[in-house]
Each structure stands twice: as structure tokens, then as C-alpha cells.
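Across the two complexes that follow, chain A remains constant while its partner is chain B and subsequently chain C.
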Partner chain A sequence: MVDLRAMTALGAHEPAVLTVGPLTITERFDIALASLAVRRGQDLTGAARAAGVPLPGPAQYQARAPYSAFWVTPEMWLVEAPFASHEEIAVHLKAAFGDAASVTEQTDAWVIFDLTAPDLALVLERLCNVDFRAAPEGYATRTVIDHLGCYLVKHGAGMARVYGPRSSAQSLLHAVEVAAASAL
Partner chain B sequence: MSQSHRIDGGQIDRSKTLRFTFDGLPYQGHPGDTLASALLANGVRLMGRSFKYHRPRGPLSSGSEEPNALVELRSGGRQEPNTRATVAELFDGLAANSQNRWPSLRFDALAINDRLNAFFAAGFYYKTFMWPKSFWEKLYEPIIRRAAGLGSVSREEDPDSYDKGFLHCDLLVIGAGPAGLMAALTAGRAGKRVILADEDFAFGGRLNAETYAVGQASGADWAAATVAELSSMPNVRLMARTTVLGAFDHGIYSAVERVSDHLAVPAVGKPRQVLWRIYSQRAILCGGATERPIAFENNDRPGIMLAGSLRAYANRWGVKAGERVAVFTNNDDGLRTAADLTAKGVEVVAVIDSRQGDEVIDTSGRLGLKSITVRDREGGTREVRVDALGVSGGWNPNVNIHSHHRSRPVWDATIAAFVPGADGPPGLLVAGSAAGVMSTHGALRTGRDAAIAALGLTGRADMPEAEDAPISITPLWHVTHGKGRAWIDQQNDVTVKDIKLAEQENFTSVEHMKRYTTLGMATDQGKTGNVIGLAIMAELTGRSIPETGTTMYRPPYTPVALGALAGRSRGKEFKPYRLTPSHHWAAEQGATFVEVGNWLRTQWVPKAGETEWRQSVDREVLATRKSVGICDVTTLGKIDIQGTDAGAFLDRVYANTFSTLPVGKCRYGLMLREDGIVFDDGTTARMGEHEYVMTTTTANAVTVFRHLEFCRQCLWPDMDVQLISTTEAWAQFSVAGPNARKLLQKVVDQDISDAAFPYMGAGNITVGGLRARLFRISFSGELAYEIAVPTRYGDALLRRLMEQGAEFDAIVYGTEALGVMRIEKGHVAGGELNGQSTALNMGLGKMVSKKKDSIGMVLSQREGLTDPNGYRLVGARPVDPKGKLTAGSHFLEIGAAPVAANDGGWLSSKVYSPHVGSDIALGYLKGGDQKIGQRMRAVNLVGGTETLVDIVSPHFVDPEGERLRG
Partner chain C sequence: MIIHHPILGPRDAQEFVYLGDAGLINRPDGMTAGIEAFHDYAYNRDNPAGEHRELWYHEQGDRSWLVVTRNTVTHEIKKVELARDVARAQGRSK
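Up next is the complex of A and B:
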């Protein structure tokens, strides 16, 4: 049992839930993340199937239990799982894939915000160059929000999960808040 | 004041009254008015003064092409100069002021320029201010700068916000007149994603300004019904008050949406404007056409307007511009104005049709039109008393956006105007009068057909019937009778005489003519004047108009507020910031922070009683060297490098070797650029057989990662290497000082004795069961470690270390103490990694391995970079311990003159060393390795200082490295 007390990216001990008009911003502190990259000449299909790790194609997010994943670059994914059960997600994945893959801990590299609003596209169009309205469900992309390199995954017409650099969590949140106040 | 010139009809809401002021006087208008229409309704014609001659001016137009009626809106931080009254939407409480006049609009002292006009002809700057040469900078230029410009700004900060955004669509329709509405309707009904943007606050374009029918309804009613249908379509986005500014590559258009300009104050949280970047599969330019005047003597008096605008004020805004009106035209469209005004009950006293041989040759009226002088076909002249004159010289299609990719418009003699050329931006079609199709029927038809063609639709939408009158025009650019000045470009006071002068002095190319005369510059960019100017130049040179050509069209179509271009990136929001894991702890201690890139790093942490930064920094240095200090080094770049070729990859990107590094060890690495100059440095640890963790400098974290990705993806794609940044994932702290091990041993779960965890060791450990990493590396010269835990636990780890370190008087030190200790130890950093220095310069030449190839190795061996007497890193210490050193000072031999030929090098970094007890510095000195022990001067000519220094080893602390291996 770890006896150090965790702090969220926003400097609190509990994740934030904020609302701006119809937009709800939920800080997700309960997701473990790791990168998974194929080593040269290796095929991860079998190990992935056995471990229950989806390996979606370009610009896609795919959910399974306990692992979900989205594509970030050729032969590389960000894999997520519940933090409570998979705090050591990199160890789990390394065990599943061995030397066939390179696995890197990424949980605290990112701050994760779930954005929900009936018409979320109105907020996102003020933030990033993503055609959210036309994107299919499960669309995953790299984008820039307020000068910050982020990932964005569409979970339905009214929800997006944004992964931003953890150290800039306050700036990213501020950008989302002012855009929501402006657009909604 | 009553609305003396308000007449029946129009699309204004007379049930509501809006109050506003102009130059402090109160007036009233109605919703739907522009500032110009409301002022005209109140009988106010005089709205501005011209740029050069300060001539009294009223509105020439009723749209964004307006050259004259420029005003300042609002006050304080919201003051906006150079706003066209013709597009400023009226709101209750609007305060507008005239500009470019002193002391008042009616009496402007600088109108003396008009009397002195002979001295202000085109090119007068270049001729007048030639002599004496020395007067230019000190006298002429300041005077000209004071006299130049139009409106003023308050210099207060704009309290409003501006957004930027991104839109995507199948079809962008630019302009919502008949062509644009029909195009949007056609595409919208087909289910396509459509954006319809118009700069006006009301959709409809000229349909709102004309009286003829579309189908069974008036044009305005058809427009309203069409907008209602479009509004009901979820796939159509209607953007009023939105000007498309330009066409860019790949179907990208920029547009500015004026969200709050029609409100006294933006609603809470709402921006004043939004700058949009629109990505469209296809676009249709339906930007309409702009009427042009005819040049004749004194054609610029308030009350003289474009004929189409005169009837727009009557039809759309219920305003008569005068009690007695005349129309001067060279085409049938001008006759419509006479007909419409007559139908409205306005007295039209004369129609002067140049096709009949009649011309207006002069006017009178100091502050507003009082009469015109008409010359008939027989040569007889008569004066006609009028207070408004509508002038129509024909209509120019608004080809601007279609020409933004350098497409040259082509001349269409049937309408005597330029129309879009064939090579416009890919995917952009043109319809309606922007394409030179001037009838309402033609606009509707081409709008519909363009949508069908752009989107590959099948079938044809129903189209209402509308007028389809042919164009009848006999070009007349300027009236040759009369000796006075005839204005072409009213904004810049360019007259026919100026064009003649330009031709006389051989500035006959349109681009030269523009710059010599200033034709077509400033806020209106010559929307009404350019074609007349080049037509006159064509006449003068005997060339045709198409041979003469047009100047280049460039974005933006209309002026854009700088705030819109800045968006949210201003003040504290200029860029995002990055917080270290220890930020909250440090803030609690009252730490001072310093910006390092986007990071806010702790600079020092003052204690009670410390009143000056040096006290804090000296204490932090001494406490660390005496016992133990902790520093947050999370900001250093951390890159995870894995793969079976990871070692070989590092051998190629680093000058020294890493493939031989044992697992569980780390090594200092030097990275060169391809040209052999040092790029970056840092330690890299081997965490597993095929797993390394590279550390970069804070400043180069991103550039090194990008460099490695370039190497991996482009230079050596066959290597089995995977990269990912982990800078943010780990909170990393340096724990340095003689008691560093004792402190850490209380916190970590493993044995970290020197035997178990020797110097340059690296490995995965645990802290109370938590996964962590430990590196035994030192930047201070002390026994030191860097410990990393997942970032969320960083704050808690620091608190734990401080709590457990109380018995050792542990302190946290900031970047200042970090800098002092690295200089005391002789480590290179920003001042030395200056992008010009080699490993040899830094005393690290032996690190560049010749046994293998690596980026920069070959070019680092260039003759010029391997001079044995070249720059070498040295230390410098003042002979007198109280002597002061200044970074940037130059080394000079004793007795040598302070000239470049005697320059020996420079001090790259300087600090006060509490350990040494004096200032110390690092520097690059020519042949420095041979000059240790010598005495030189450190001379700073800029600061006027000179200090006698001893050249010493750059290692002021523990040169043998016993402490860090202890």
C-alpha cells in the first residue's frame, strides 16, 4: 500500500468536476495509461487478443474490459485501464507482450478531462481543429488546444475525452472554460 | 433632433428608438439602422475629413467599400478608430466621434492643406523632403508621422476578449445576396453541410436595397423566407456579421465574426469577435459588386453618393439623402435610383445621363452639396440647386477573394468591368454579380448552378422568377471638362491630376502608380477608386484597360481588429504555463518563480528575515554543500527509448558511446548537430537490455525529441527503436549534499549504500512500496541522486523528504542556487551551450568518439573547429575577492587595447560563489587550456567595467570529484 498521498494535476486531492453552462468538465484521475509500441518484425495480434487489449486502426478508439486503446502513430497505441486495478499498467502490459513490444508508463504524463454537453461541437470548434460533428464515434486524434498538444477521443455526440499535458492542466482547463462560456 | 430625413418604408423597426451621439450631440435611430443611415435620417451629411486635404466628407456608399465616413466608436479601452459608419450597426447608447480633424469637424484647421494642394501632389514627400538630408530623421519624419494616420486609439487595454475557432463544411457560401441564398438553399436542401456567411447583419444583399420582386414577393421578403427555411436546416449554419477575409491553401478561408460589435458591451463571457478558420470542400463566392463613381470636379462633397447607395438608403433604411436630388449616370442602373426615389416621393430634379452627352462638371457647397453645374451635349452649362447627387459609373464585381491566389481578373467589355479570371483558388466558384452576372435572375440562376456544380448534385431546384434586365453602359471614367481636382480615391485624396502626374513621371505600371499616388491604400483598399484610376492610366498611356491590369488582391478583404488576430493569446494568457510537481509546496513557502520556457520553476525559497535574493541563494548553496538540498528537476526532458536497436541508435545520436553502457548505469552524453556544434547534453540511463531513459536540458526537451523522431523516422527507419516522452510522467528531484544518501535511505525501500548503488548507478526502486526510479548523478559536484516517482506523488514525496530531512536541516533550493553550484563545479549550461561551441571548446573533445560514426562527428573535425589555440572553457576569478565580474565581458591581455583584434574570448556565465567567497565565472578563452594561472582583464565596454582576473580551472569545487563519488 502506497503511503504517499496523490495529488491531481489541478493540485487537489480529489478530481475536479466543473460546469460551465451546459458543459460538464470531469477530471479523470481514475485512468491508468501506458504506451504500447510494436517492436520490429513482431506481431502483437495474438498476445493482444489473449490479454484483452484492443489494437484499433488509425484515428480510432476501441473499448474493451479492462483495457481500452487508441491509435497514436503507426504501430503505437495508448492503452488505458482502471487505475484502481491497473495502477501498474506498464507492468501488466509488459507481462502480456514481453519483448514483442515496447511499453512505457504514461499515466501521469497526462491530465484527462471528460467534456460533456448536449452540443459539444460548439465548444470544441473554439478550441481545436477537429471536425467533431462529422467524426464518427470512437474517433481519436492528435490536436492542439491553446498551444498544447492533446489527444481527443469522441465518445458520442455529446462527449469527448481530452488528454492534455499534465503540467499545463490549469491552462488547458482555463481554455476549455472560457471557450465554453463564449460558445454556449 | 428629429429624424428630418426619415421617409416611409424600409427594414427598420420603428417601434423601438435607439439613442446615440455623434461628436457629443444626441440623435435617434431605429434597430436596423447603421450609424450612417441614422445620421442621414437626422439630416447629418458631414461625417469625416479626408486624409490629406482634410476636405469635408459624407458617406459615399452604404457598405463596406466606404472610403469617407470613418469614425471612432466607443471610448476608453473599447475605442475603435477608422470604423466605417456605413457598416456600424446602431445600438442604444452608441457614442461615435469624427476623426482626423482639429478642433472640430465643421472647422478643421488642417483644411489649410486643401488651399496648399499644389504642394501636396503625388510624390510630394519624395520631392519635398530631400534637402537637407540630415533633416529627414529629426524633423521631417516626426512631423509627417504626427500628421499621418486617421483615427486614434486610447492606449488603454481592450477589456474585451476575442476568440479563434475552426469550422468545417461541404460548401462555404460567401455572401448572402440572391446568388448566395440560392446556392445555400440548393446545397442545404440536398443535405450538404453549408456555411452561409455575410458581412451584413441582415441577409439578402441587394435584395434588401431594391424594390423589384422575386417570385410573388418583394426581394427582401423572398430573402427573409429563404433565410427562415435555411434556419430550419440543421445542416446549414448562417453566419451574419461575418466577413470572409481571404482564401488560403487547401480550401481554407478566414473569416471574422463580429459577435458583440452591435452591443454596448459584450455579454458576460462572450467575445467581441471570433476569427474563424473555415475548412470547406468547396466554396462559392457570391460577394456581389461594388458601384464605382465618375470623377468630375469637386465630386467629393457631402451629399454626393453612389446612386445605388442613395436608393439603398431610401429602400432599406427609409432615408432620403436630400430634399432635391439629381442623378448622374452612364448606365441604366443609375436610372433605377431616380425611379425609386421618385416613387418614394423624393424630388428628383435632374437626371444627367452621360450616354446622352450630358455631364456634371462641377459642384458647390463648403460643408455639403448645394448645387451642381451641368454641361449639356451642346456645351451649354447650367447650375442646378440640389443637396444630394447620386453617381453611377457602373458596377465592379467583387473579385477580391477569387484573386487571392494571384488569379488575374479579366476585362468584360459588355459590363465595362473586371470579372474573375479562370485560375482562382481550387474549389472556389463564383456566382451572381461577383461573376459579372448583374440581373437578379442571373444571380439566382448562377447561384443555384454553382452549388449543383460544386457538389455534383443531380436535379435542379425550383427557382423563382426575377428581373433579368440587360446591362446598358457606356463607360465614362472622368469628366474632362473642368480645371479643378476630380477625386478618384476619396480616402487617400487621389485625383485625376495625380494619375496624370504619375504617368508624366513614368510611374505607369499599376503597381508603381499605386505606390506613387497612394491610390487604393488604407482601409478601403480602393474598392471604389482602383478601376477608375487604372482606366485613366490606360487612357493616358494609350493602352487598353486589360493591358494596364490590376494591382494584386490580398487578404484581408476588409480591415481586421488586431485583437481578433491575437485571440486569447494576450497578457497572462499569451501562452499556457507548466507547473512542476513541487509548485504548490513552493507557493506555500512563498517561493519566487521564474519562467523557464513555459515552466514556472522555483527560483529561490526565502526564509524569514531574508530581505534580498542573494541571502536566500547563498544560504541554499551553503546548506546543500554542508548537508543536503533538494531541487525539483522534473522540467528536464525525459525520453523513453526502447527497442532492440536502442543502444545502436544512441551511439548514432550521441557523440559518445552508449551501447556498451551496462544495465543499471547512466552516463553523461553529448549530442552534436550535423555541423559538429554541440546541440544538447544530459545523462542517459540504461534501465534494461533494450530500454534507456534519456535526459535532456529543460530548454531543449522538445527539440531533442523532435530530432530523435526525425532520426528514427527519416534517417534510419529500419532501426528497431520506439520513442516516447515521459517528461510529465515522473516527478523528479535532485537530492544533493553530503547527507543526501542518509536522507534518501530513510525514504526508499532498498539499500543505496555506495557499494549497492555506486556513482552513476541507475535503477528501479520503491518508496514505501511505490514504484520509483533512482539515478546517482550530480550537477552540483556533491554526492547526489535524482529520485523520480509518478507525478501525482511528487508533492507528497517532497513533503516526505523535508519531513525526514529535518534532522539534516534539509532545504529546497531553486534554479539560482542550481546555477551557482553548476558553475562552481564547471558544468556547461545555457551560456556555454550557445549554438556556436564545440565539444573541444567545452573541454569535452575526448567525448567525441572516433571509433564510431555519429551525427556531427565528421564535421566537428573541421580544421576551423580543431584549432589548438581556439576557444577553451576556463574559470575566471577576480584577483581582488571584492572585484565584480559581468557576464559578457571580454578577456584582454594586460596592456592590450580594447579592440576586436585583441579580443581573447568572453565570460559566458557569472555568479557570486558563497563557497569561493567571490564572484566566479566560466568563459571561453582562446588557447585557454594553456593559460591556466595567467592573469588577464575582464573588460565590459558596454557597462564600462574592467576587472583583473586569474584564469583558473573551471572546477571551483572538488576538482578531483571525490565528493560525488563519496
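Up next is the complex of A and C:
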């Protein structure tokens, strides 16, 4: 019998939790992701309401249970849900939206880090061009961190979630650690 | 240079990738338009000193294609539209 154990993006069996001064970096291994794109001429409003999937406007993140989502491009969102209950998130979404939307599994394409610090702007202003201080809560955008295309969602002045390419997880973590060490 | 994205507002030009003349939207039908029209489409570009409509890709943003009307002499940007809207207004992309 083959004994399979899931590995995190950093190659460990448990998600990483690191602290650099006041900054805490928490790898989120418990989130399932899928992209949701409206097919031409379709309207997802009704199905989204029925399934409890938020479809926020441009540059916004909206949290709901079990689904949360942020806008990535016109008529497309990245939807997340707890991995424990929604490991097959793409199947759940496909069932909810059918032929009105295209759904792609994204869980294993990204590494997710939660960053918390009393003043996170000090770190993020060294990492990317997002004006974190001025951005409203729930602001979601794509940006570049250390040459890596990432999504950044602001959950508060001291809390942000970064979605980076999973195959560059270690590089992204290194960039955050270096910026934090020099900033805080 | 700042590009005023129609959806996302002012964005640094470093987030974008430049493709070239917005006339690229008007690709002739390779089966019916004839070799001259397709050759013209593939290789011939004007190089105006002044107003120029060009395609920019918001690679480090929402990954949309934009049609930017820019003055190549002063770098003034007069208009930014979603390429999708421009193409649809011309009856392309259905």
C-alpha cells in the first residue's frame, strides 16, 4: 500500500510559520482555489447568489462562507474555500454554474502566505508598487514581488494575503523575509 | 509614464507590455483578403511623429489588452480604451 502524504509548496509536511521581527508569515495550506470566468453572453448573478459565491467588482475581495473571491480581470474571479470541505472546489463550482462559466482548478498553482504586522506597509512598499497604506480594506490586485507575478489582497492595515506562483514559493518567501528584515 | 486604465485607474507603465500599432486588431481574413493585404498587415507600419493608437497589455495587472492613444512626441496619453470594446465596436470578436 502506497502511503501518500501531501507536501506544502515549500516541500514540507506542515505549513511554514515564520516570524521576522514583528512580521509573521503564515503559509496557508488549507485553502482551495479555482478560477471562475463568465462565458460569453452569460449572467452568473443568480447562480452565484444561490451557491453563495461572491462576485466582487474590480480590484476587490469579498469574503463569505464557505466561498470568498477576488476580481482578477473583467468577468473573471479567483474563488477560494476551505480545503478541508472543498478540496474539489472546481467540481463544486462547475456544478453551481454549469455551462454559464468556465472553471479551472487553481489550488496547486499557487502558494499562499498570510502576512501580519502592526504596520505592513513598511514591508510591502519595499516589495511591490502597491500603495498599501492608501488602498481600502478588501483591495485586491495583481502585482510584481521580486520579479514574480503575485496577487495581493489587503485584509487590514496589518494583514495581507499574497498568492504567488507555487513553483517559486521559496524565492517569494525569501524576498518577503529580506524586505521584512530591512524594514522592521 | 502613467496609463489611466479604464477599470483600474492610474497604473504605472512598467506594469504593461507594449505590442505596437492598434491596427493589429484589424487582421484581414487570410483566406480571402489576398496576399498583399496580409503582407501589409504583417509587416507594414506607419511611424508617426504625433498621435498614435497602440496596443498595451496589462500583464502585471488585470491582463487586459488596451488601446492607448498616445502622442509619440510629447508622450501625452489622450485616451485609453479596453481593446475588447474597440474590437466589438468594429463588429469584431462578436
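In this text, the second predicted complex is superposed on the first by the 181 of 184 C-alpha atoms of A that agree within 3 Å, B and C clash if a C-alpha of one lies under 4 Å from a C-alpha of the other, contacts with A are read in each partner's own complex, and residues count from 1 in each chain.
Basically, a contact is a pair of C-beta atoms (placed from the backbone, for glycine too) under 8 Å apart; a residue touches a chain by one contact, two chains touch by 3 or more.
Here the structure is a predicted model, which is why all the values come from computation and not from measurement.
Peer 1: By the touch definition at the top of the document, which applies to A:Asp131: first (chain B), second (chain C), both, or neither?
Peer 2: Only chain B; A:Asp131 stays clear of chain C.
Peer 1: Between chain B (first) and chain C (second), which, if any, makes contact with A:Thr24: first, second, both or neither?
Peer 2: It touches nothing on chain B or chain C.
Peer 1: Answer with first, second, both or neither: which of chain B and chain C does A:Pro58 touch in the superposed model?
Peer 2: A:Pro58 contacts chain C only, not chain B.
Peer 1: In the overlay, answer first, second, both or neither for which of chain B and chain C A:Val144 touches.
Peer 2: second
Peer 1: Looking only at contacts as defined up top, I'd like to know whether chain B or chain C touches more of chain A.
Peer 2: Larger number of chain A residues touched: B.
Peer 1: Quick check for you: in the superposed arrangement, does A:Ser168 touch first (chain B), second (chain C), both or neither?
Peer 2: first
Peer 1: Classify the contacts of A:Thr116 with the two partner chains as first (chain B alone), second (chain C alone), both, or neither.
Peer 2: neither
Peer 1: Figure out whether A:Arg40 sits in contact with chain B (first) or chain C (second), or with both, or with neither.
Peer 2: both
Peer 1: Under the contact definition given at the top, report the residues of chain A touching chain B in one complex and chain C in the other.
Peer 2: On chain A, the residues that contact chain B in one structure and chain C in the other are 40, 129.
Peer 1: Going by the contact rule set out above, which residues of chain A touch chain B in the complex?
Peer 2: Result: residues 1-9, 11, 29, 35, 37, 39-41, 76, 88, 99, 102-110, 125-131, 133-134, 146-148, 165-172, 174-175, 178-179, 181-183 of chain A touch chain B.
Peer 1: Show me the residue ranges of chain C that touch chain A in the complex, using the header's touch definition.
Peer 2: Residue positions touching the partner: 7-8, 12, 14-15, 59-64, 82, 84, 94.
Peer 1: Residue numbers of chain A touching chain C in their complex, please.
Peer 2: Counting only chain A, the residues touching chain C are 40, 58-59, 71-74, 129, 141-144, 149.
Peer 1: Where on chain B does chain A make contact in their complex?
Peer 2: 161, 163-168, 193, 268-271, 274, 277, 279, 568-569, 573, 575-581, 583-584, 598-599, 634, 640, 642-645, 690-691, 718-720, 722, 724-731, 767-771, 789-797, 800
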